[in-house]
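Shared between the two complexes below is chain A, which has chain B as its partner in the first and chain C in the second.
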Partner chain A sequence: MNLRKYLKVYKKFLHTSLASELEYKANILVDLITAILSLVGSVFLLSIFFQNSGYIGGWKFEQALIIQAIYTILNGITNTWFNPNLTEIVKHIREGTLDFVLLKPIDSQFFISLKKLNPSGFLEIMLGFFLFFFCIRINQINLNLSFLTLSTITISCSICILYSLWFFISTTTIWFVKTWNAIEVLRSFLYIGRFPLNSFSFSLRIFFSVFIPIAFITTIPSEVFLGLSELWKILLEFIVASVFLITSRKFWLFALKFYSSASS
Partner chain B sequence: MVQNIIDVRNLSKSFDIASKEPGLKGTIKHFFRRQTKSLKVIKDISFEIKEGEIVGFLGANGAGKTTILKMLCGLIYPSEGSILVSGYLPFKRKENFLKNITLIMGQKQQLIWDLPPIESFYLNASIYDLDKFEAKKRIKKLSEMLEIDEELFIPVRKLSLGQRMKSELLAALIHEPSILFLDEPTLGLDINAQRNLRKFLQKYNEKTNATICLTSHYMKDITSLCKRVICVHEGAISYDGKLDLLLKKLSPVKEILIVCRSEEDAIKLENSGFTVKNKVKNEITIKIENNSITSSLKSILNNFDIEDLFINEPPIDEVIGKVLIKKEYDI
Partner chain C sequence: MLEYRVEIALWAISGIIPFFMLNIWTNNNLNESINISDIMLSRYFLCAFFVRQFSVVWVVFSFEEDSLMGKVSPYLIQPLNPFLRYFAQHLAEQITRFPFALIIAFFFFIFNPESIWIPNLGILLLSIVSTFLSFLIQFLIQSIVACLCFWTEKASSIERLLFIPTLFLSGLLAPVVSFPTYVKSWIYLTPFPYLIDFPANLLSGNETNISGGIGMQILWIFLLFPLFKKIWSEGTKKYTAMGS
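Take a look at the complex of A and B:
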């Protein structure tokens, strides 16, 4: 793979996406306001849960806020990259415009995963980081090199798991044509990631760890920040992320053999 | 000797198609137990195309023309048989193969809707690994050939269909491919835009010696660009050869309207042994076989007092229409 070429193409993707989005100023403004209101609403909801008892599933409100911060950062990443690109896969397959992607001398997964970008998602990422640094302060977390390395690894793994799950579902469009509902179900499961895994019953914890690995997406990185995580969990998250990423790639290449292109 | 750039041998393609009975009962049955049947859309076809050739694929809707083009450019895997395009197996979509071909579809677009076409051109240039200087040079050259200028800087959504199609062509040709697959490129364009597009393709072929495979329902596209046609009927090739031979075979006679000086001359001509289609006063329409047209006209002009005459070619659409419904043409 020619890295220089891919960087050059990605720079063009950034440029064209920003230029496209900036054509609609009002839309960006509405997205920004929605992101702020959504964060305020989520923190308010969380505070209501903690109103009667100071702990849920062994987590204090201040600690649970870290999960909310990570969720907000991941949701920002979702809205910036995953949502504009991965939902487009369904459209590409239904309308047959995937033909243009497949005939370009560039990796098709790279193209369809990164071509678009929604700049309003950046604000959500910034809000998430703002909340995150606030949590570090109120939880008196000591920032050191090992802490920063482990948190970067776990958050990167979370992004990989989230991307792979979404990409996997979108790929099934090649057979099922319409998969909007499955993506909506995935998004609603992600809302659950705003709460600590321990706050759910045992059976739900198993479900959110094995079948839809929401636990790996927010809870494990949060535990790392609070110094509560054990090494095996971090290793497990790394393995799960790698397996998901490799599987989604293999699955895409396999699915393309069944692509029949839309009729013209 | 000109080399074969496309070589297709015993190619077949089958699709699994879901079939559904009508009504609510059929819908429920279809939801729970989907019945599919294998449909062979391309049936054991073979042909070769030489470098620099422009070949038209003719056929009714659903005959399999687009499926053939999509297999040639590597979008669809063939079920049986072999395809070699420029020495590559298309469905492997190797980088060098993709840099050599392009697909243009009249009903689908790759340009970024909200931005001027120039942005899409530079994006494509980076995908094809062209530097900015080279991309600029090629955009200038192609835009001159396509006669577009200001349109390059207007958002795609504000362009007319004709301007958009020209921009689509430029986006698809920025890497200077040597094989062009065109699926109904003039669809929906007005007469002038169609003519300009044909002129451009002709020029592009002359300048670059590119091979062009074209499908179109506009006969003018075929007659003005293609010397050779491949007729596809229900997934099989019904004719592969020169277009003028096909036309001669399908319409072996010409109609000639002769205006005589007097009605007596017209009556004399009517009884002279020619096949008469109709006669109104001093005007008579006769049918003459293509191979005897010169001698017959010479004899008419020598023996009768003729005021004027008109040779009517049968409408090309009518002639080609015969191909679309017939299984085989042996010429």
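Take a look at the complex of A and C:
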């Protein structure tokens, strides 16, 4: 594995996809408005929930806003990297162009996971950070070094889990050819990440932490920010993230054995 | 359509967000403040799920793809508005989706046996009509957006923008009754509450103004249809096939 080579290749990816996406400048503006509106909408929904009750699942409104902020950042990351690339896998497999990817002297997972980039997601990430800093102020969180490292670790773990979930579903294209709808199902499940896990009933809580670990993605990092999290939860998230990453890698290599190109 | 059973089943599953919302509502006893009992609220969200299943529209995505691939050109030669073709596709898929939606409803009733109810025939027919009207409104709005494909290449991003108010204001995530008064004062003038909230209230037996709701739905269709006609005729004049 040659790190420098991969960095160089990635720089080229960045360059080409930025160039092609910036062709649609108006589109980026529309995407920004969409991101702002969807944040406003979910804060509105939260305010309806909190209209007549001070706590939802043990979370105050100000605390629940942190979850929104983290969700927005992660959603921005999804829209910047995961969504454009992983929908491309479906195309590669259906049209048989995955052959060309496999022939390249570079890791195929690296190539298909990072080839494209959608810059309008950056704006969403920034929007998430704005809300996030606002939350830090209204919740009077003291920033210190150990706290920052812990939160960086948990957020990176969340990103890994999110990536693995997307990659997992996209990989199944090798068998099923069309997975648009499976991606749609994942999207609607991820929507749950906008709310604290404790606000759901016990059975759903189990479902979203064991089967689809959406609980880990937003709730645990938010708890870390509020200083509510216990060490075992952070460790658990770390373990879940590593298991997911390794499995998604193994699954990709396994799936490739079944790849037989289009029309053969 | 029957060839794509799994796909349609997954589509049906992707619509289960209302149930998650129901879970938040009842699990935190939020419904006490808006005077809706648990049972009525669960019926409401089940109906919202049904209405959404049979009023979901994706014409803009189909049209955008066809327009970029140049498939629209042969359609334009035919003596039939191509949107009728998409309209028929939507109807066919909704019919295939019906059994899957029933299965999901069946599971819902297993977990919530106390919320089983049988709406009377008149209400059932009326709510089918209003769901269809809601589908028509959404189809018209999306067709208007789809016609923007004649001017821009990515009309679907405008659709994604319009989807956000539809999601939050239509009553899919929270019944419109629960909205704060500063929103309720103007929301009934927009088409949004008639997309899901009104048909779902009607079907679930919650309080709603039947004649007013259907009247507003028809009014919106009458407003949107000439607009679609206009933008379609403008667009087709402007149309040059991709690559020319």
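The definition used in the following text is that the second predicted complex is superposed on the first by the 263 of 264 C-alpha atoms of A that agree within 3 Å, B and C clash if a C-alpha of one lies under 4 Å from a C-alpha of the other, contacts with A are read in each partner's own complex, and residues count from 1 in each chain.
Criterion: a contact is a pair of C-beta atoms (placed from the backbone, for glycine too) under 8 Å apart; a residue touches a chain by one contact, two chains touch by 3 or more.
Please read these numbers as outputs of a predicted model, since none were measured by experiment.
Participant: Taking the superposition on A as described, I'd like to know which of chain B and chain C A:Ser260 touches: first, second, both or neither.
Facilitator: A:Ser260 sits against chain B, while chain C stays out of touch.
Participant: Tell me which partner A:Leu37 touches in the superposition: chain B (first), chain C (second), both or neither.
Facilitator: second
Participant: If you stack the two complexes on chain A, which partner ends up touching A:Val9: first (chain B), second (chain C), both, or neither?
Facilitator: In the superposition, A:Val9 touches chain B alone.
Participant: Looking at the overlay, what does A:Pro105 touch: chain B (first), chain C (second), both, or neither?
Facilitator: Touch status of A:Pro105: first partner only.
Participant: In the three-chain superposition, say which chain, chain B or chain C, touches more residues of chain A.
Facilitator: When the residues of chain A touched by each partner are counted, C comes out ahead.
Participant: Of the partners chain B and chain C, which touch A:Ile206 in the superposed model: first, second, both, neither?
Facilitator: Once the two structures are laid over each other on A, A:Ile206 reaches no partner at all.
Participant: May I ask you to decide whether A:Ser47 touches chain B, chain C, both, or neither, giving the answer as first, second, both or neither?
Facilitator: Only chain C is touched by A:Ser47; chain B is not.
Participant: Taking the contacts chain A makes with chain B in one complex and with chain C in the other, which residues are shared?
Facilitator: Overlap of chain B and chain C footprints on chain A: residues 24.
Participant: Give every residue of chain A touching chain B within the complex, in rising order.
Facilitator: Result: residues 2, 5, 8-9, 11-13, 15-16, 19-20, 23-24, 95-97, 99-100, 102-106, 257, 259-261, 263-264 of chain A touch chain B.
Participant: So in the complex, which bits of chain A are touching chain C?
Facilitator: Against chain C, the touching part of chain A is residues 24, 26-27, 30-31, 33-34, 37-38, 41-42, 44-45, 47-49, 51-53, 56-57, 176, 178, 180-182, 184-185, 187-188, 191-192, 195, 199-201, 204.
Participant: Name, in rising order, each residue of chain C that touches chain A in their complex.
Facilitator: 4, 6-8, 10-11, 13-17, 20, 23-24, 27-30, 32-34, 152-154, 157-158, 160-161, 164-165, 167-168, 173-174, 178-180, 183
Participant: In their complex, what parts of chain B are in touch with chain A?
Facilitator: Residues of chain B touching chain A: 15, 66, 70, 73-77, 93, 95-96, 98-99, 101-103, 105, 107-110, 112-115, 119-120, 122-124, 126-129, 155, 183-184.
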